[in-house]
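Here's a structure for you.
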Amino acid sequence: MFDEILTIFLDGAIYASWLFIVALGLTFVFGVLKILNIAHGGIYALGAYSTATLVPIFYSLGMPEELVVLAMLFSALAVAIVITPIMERVILRRFYGQDEVLIVLVTYAIYLVLEDVQKIIWGMKSFYVSEPREILGAVEMGSLYYVGYDLALIGLAIFCGLALWLSLNKTKSGKIVLAVIHNPEISGCMGVNINKVYLAAFFVGAFFAALAGSFTAPLISVQVGISVAVVIESFAVVIIGGLGSIPGAVIGALIIGMARAACVHKLPEAEIFIMYLCMAGMLIFRPKGLFQGAQARKI
Amino acid sequence: MTSTNYILKAEGINKSFGAVIAANDININIQSGEKVSLIGSNGAGKTTFMNMVTGYLKPDTGSIIFENEDITQLNPRNITQKGISRSFQIPQIFEPMTAWENLLVALGTSQENHSFFKSARSKENSEYIDEILNRFSLNEFAHRQVSELPGGVRKLLDIAMALVRKPKILLLDEPTSGVGSEEKYPLMDTIAKALSGENLTVIFVEHDMDIVQNYSDRIIAFYSGSVIADGNSKEVLGDSKVKEYVTGKTQLKVN
Amino acid sequence: MTHKFYNNLIVQSIFLMSVLIIVGLFIPNWLVFVITKAIAYGLVALGIVTLMRGGLVSFGQGFVFAIGGYTAGLLGTQAGLTDAVLLLFISFLFTGFVGLIFGPLLARYRDIFFAMLSLAFSMVLYGVLIKIDAIGGSDGFVLPESTYFGILPSSDYADYALYVVSIILTGIVSVLLRYYYNSTPGLIALAVRENELRVEYLGASAFRVTVLNFTIAAGLGGMGGALNGIALGHIDPEFSYWTTSGEFVFISILAGYLSVPAVFLAALLLELVRSFSGRYFPDTWQLILGVFLILSIIYIPTGIGSFFKKFMDKLNKKKNE
């Protein structure tokens, strides 16, 4: 009984951590740029693919095993560096200030393009890079065994969330970003370079997507179609938590992570749609999510 | 006090937004056919009062009675259907449509039992809209997209739309704001002309004291959420508190 | 004046339908099939366009698309009902009814929240359909061959028969929708799109307009789903998947909300791009579609319908002069 609860809790927490890192980027980009980015899932997949490519190269160079994390970080960074100027500067920039739903459609188009870009670069092959998953060994908890790497993901998620939250609230450039979130026009008038803030924010968002992909790659088989589920799952998280809210993403990821883990163990039939149910339920009872206040309309 | 004489009664209205008191025990009775202006500096509570009468805001306490019926908890749509229409400080018109189409929408919303197989641009509708356009001297603008129209015309159209449904009370929120000072009088004349001939009760918010004196037969002065004077123009504009808190300031107002 | 407009409209529609039905005899079978599929997608997109006129975009029309498809499919396999016209009509009514139930729930939401909630519903349905093995689970199931007024066409003419039915159906739906768009409720829907608050202050209910539009959109989506299922001869949970819904939104944005024929043209364009790139660039058709989509949003932001409208306005002006 206790073991079962602990299993659900840990499985849920690991799953939630992964979800949180993806959703963190998504919600941050929405908060700053007001763009709900479907292509976020595509960037995630690129992160996974680039790790699957770089890690074997890293090993073949005879680098120390423990430093493989650096290769994974580097691959996430590389994806963000390549994708950000193309997406933000070249395409999305044209649509700022337009209808949110139209921009969603634009990011859907970019998502479609990214799907095929993956096929063109990596083909239809499946990649396995499970080596990094072994570096931390296993952890024994009573009668349960957990892979250390999986548990470390929880730490990574906490680190990412705190890092973003602290740099937003405790640094000068973070406060500039908050000002832009609050009111881009006035911030612009006060001399803030909005374009730069948007570019930086998109970069951060893309980096988190790619990072989640990089660190998930050792857990899965990296292949065509891994991005499609991520899109809706991370959407569900930010919708539940409230668009643009970091604490909301934490709660949203935990709700979905735990609900899914509970379903896997107790009600496997519901596993696939439990998150959509959570999302629909939240929208029905609290349409703006848990962490977004109602916006007053002026006449 | 006989309630039957009053078309609109506000009884003991209180409303606050956090620490700001927007309405402090407001009691106002208005008779059918009166032309009432509400004056007061910005934030005095005039627009809040209007928003409560039209159901956009709900008072914290107190009630609003229209023709002996409590309408305090009704929403704007139901209140409009009962016979209270309003115009807006910033005209709320349908920008991509023409003036004529805007009025067609207004007319459509006032009709019941719509047919899905009958064009909205029927002959009866057209004739009625032409008549309204005529009353507001808007004929020449009929088929122009309203986003291109000058400020005064937009104001008139906004009011004309509120009038299409033939309300019993019409609330005008700053009908001359955003209009050049030389245009204000012609605008008010057009409005007065269009509203004449009907036993319409008009309540309007206005900052220009000359217009207030000329176009209303009763003035209610607000200051920080309270009614500080209520009566004819001589009484109210001569009131020392009004001079201190309301009219004194309006002379400093930059137009 | 208005009577003349509608008389013209009906005459033009009948003329166009006759031309298309005759043309269908001479074009290759694959094109007949592509057009039929385009009509199926166009019907769903027409529903979104109807919602767009009231200011909303649904990102979850896969929901009704799947319900319509499964309704037609189950009636065929379980009840032995194979008449295509009847199946389409029943699917339309049934999903319209579903829309009437879900409409009030969704009509309180706007913008991205409406889009996301409709998406959530479609994905819940997807999750459920995948899990029900009795109706094929993730594989779906095969539909029995359709009959037309009791006649089972030979396999050479099966596609053509469905093509004819869908052309006639489209003609009727298009004319009826034009009636609705021009009517007073249709006009109020446009006003809701622009300024919902003012519509309420004029005494009309934006909520009711939205429920009505949602119901119409649901009915059309269901009919499109049934048509698509019958055309493919197969149905599966992908009907309700979010990428399917994305294609419907794509068609509606490409078409814009100004013109009904533009919707079917946009749908045909999508189907042609899909089948050509599928044939010649099988691995990159999504890339082509995505680029096409981005370019069309950048260069024709108001949709191809705006060209149609400009053209018609010019024509009318000339007539009046």
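We call the chains A, B and C, going by the order they appear; numbering starts again at 1 in every chain.
The rule is simple: a contact is a pair of C-beta atoms (placed from the backbone, for glycine too) under 8 Å apart; a residue touches a chain by one contact, two chains touch by 3 or more.
These numbers come from a predicted model, not from an experiment.
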Chain whose average C-alpha position is farthest from chain C's own = B
By CA centroids, point me to the most central chain in this structure.
-> C
Expressed in whole Å, how far the mean CA point of chain B lies from that of chain C is 44
In whole angstrom, the CA-centroid distance of chain A from chain B equals 51
Centre distance in Å when chain A and chain C are each reduced to the mean of their C-alpha atoms = 34
Residue numbers of chain B (touch at least two other chains) | 88, 92
Which positions in chain C touch two or more other chains at once?
-> 197
Counting only residues that touch at least 2 other chains, which ones in chain A make the list?
-> 299
Taking the complex as given, what residues does chain B use to touch chain C?
-> 54, 75-77, 80-81, 85-86, 88, 92-97, 101, 104-106, 108-111, 114-122, 161-162, 164-165
Which of the residues in chain A end up touching chain C in this complex?
-> 36, 91, 94-95, 99-102, 104-106, 108-113, 115-117, 119-120, 228, 231-232, 235-236, 239, 243, 269, 272-273, 276-277, 279-280, 283-284, 287-288, 297, 299
Hey, which residues of chain C end up touching chain A in the complex?
-> 57, 59, 105, 108-109, 111-113, 115-117, 119-121, 123-124, 126-128, 130-131, 197, 242-243, 246, 249-250, 253, 283-287, 289-291, 293-294, 297-298
Contacting residues of chain C [partner chain B, same complex] = 1-2, 5-6, 179-180, 182-188, 190-191, 194-195, 197-205
